[in-house]
């Protein structure tokens, strides 16, 4: 997708490259939702999205699946920032607590993912979604399986 | 949005009306993902979606947030089918276990949500996503808070 | 702890040996709670316990941690029944939904754990606790990491 | 159980009374495990336990159910500290991530529970178990339903 060989990049390098280059259609989900990588730090990732009417559930507030998508992205990318080149991961599970309804009127939702445990075989992370007024919308935790070259 | 007064409908009637009438833009999230309500039964809901490349994560397989959206929809609608007219609900939490990667090549994903506990104040449900070959992709559980008129 | 070399046993053989021989102090937790292995089948485990006043929380009903112990035992042992000799496992996460209070008056709680996904590197299971009248008390899911010899 | 009318106490007052008076057999579970209330602050609770061989699973490390008991206690009591007299609660769900095995050799495990969201109808909290060396053993989240007098 570019002159950069993404397979040679560590997780941190790859995600910072995505942040700065914004390669079209990578990852694909980013286009569907319009996610922006705000911060890519070792063990920490901040992702934002402008809400849209299409994010609405039957009550007209942001669907829980959209919040789960934000949290899954921020938390799994936070784990990815800790991995060297050639080491992949897969998400085993995610749990989301929804604490307040979010509006679909265009205001920004900001999601932070932070690594809690970075082990050899698994990693865990926690995440939080806040609205433009700084109110907590949802919080979450996840487990990722680390896939090293030999696996 | 039609001559039907949706506030007069029970959850089961409302979701069957959505299933048969497919009202444009309701719920909004249905349009974003292209969800189809396959089955709307008391305490049970089946939702399907044709996968698309835009559902892809950095590995090119279906993003966990898309699977969470399917599961949240099927499970919370299953709870909704048990509620009389005028009684709402909100999702308190969802947990998803991802057991197999799903492709983004257009094949159908089918998601079933089934009520496990229907109480006066809360309800729980479980859900499963299977691919076109019947393989399990993800399974989940959720808690909903029942919001009666007096709340 | 006996003439049996438990390292030579598959998970199913080991748990059936525990069920029939009831070796003192193995596993230790069994003594603290008084668990009984009712059924040990491939991919399925049933554990029961007679409730005791010491299981009580501040409300005088069975503490959520006791129910989590029952569910963790039944679900992780169900995973263990699928593993050959020499292959271990560790529990990565458990989530429990509490749907009804249980009394501490000596009546039996029965917990069933069933494997949902048995993979090469991970396995998932679900579980349910029911009381003596067959009412659902709690349900749960878990992820285990499979630890093969080479890990 | 004393001249104190515990029904007149707020959650914070009740738990501080338990902390200072250590009333025999209240809550009952405290006796089974030997829990100590280290800190009772508004929205925050620290509970410790000296590990014992009876806490062991089949691998000889602390059983996940024991860690879930510690986390459930610390998190739900943290929620309880936010409630006025006459308002109860019940735990709807708990999810625990296990990140490191803990020994059963008598060393202390310390568990902190902190309220994340304190709403009118529900509250959420997070918790962490650390060992005597300060290493993270497990982390968790929970949802509680608030039961006011009118419920």
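Note that the chains take the letters A, B, C and D in the order they are written out, and that residue 1 is the start of every chain.
By definition in this document, contacts are C-beta pairs under 8 Å (C-beta built on N, C-alpha and C of every residue); 3 or more make two chains touch, one makes a residue touch a chain.
Everything quoted here is computed from the prediction, not taken from an experiment.
Chains making contact with chain B as well as with chain C: A, D. If you compare A-C with C-D, the chain pair joined by more contacting C-beta pairs is C-D.
Chain centres computed from CA atoms place A at the largest separation from chain C.
Separation between the centroids of chain A and chain C, computed from CA atoms only, is 34 Å. The mean-CA centres of chain C and chain D are about 22 angstrom from one another, to the nearest whole unit. For chain C, the set of residues touching two or more other chains reads 92-93, 95, 97, 122, 143. Listed in rising order, the residues of chain D touching chain C in the complex are 14, 25-29, 31-32, 53-60, 63-66, 68-73, 76, 80, 88, 90-98, 101, 104. Remark: chain C residues 95, 97, 99-100, 116-117, 119, 122, 124, 126, 136, 139, 141, 143 touch chain B in the complex. By the touch criterion given at the top, residues 92-93, 95, 121-122, 143, 145, 151 of chain D touch chain B in their complex.
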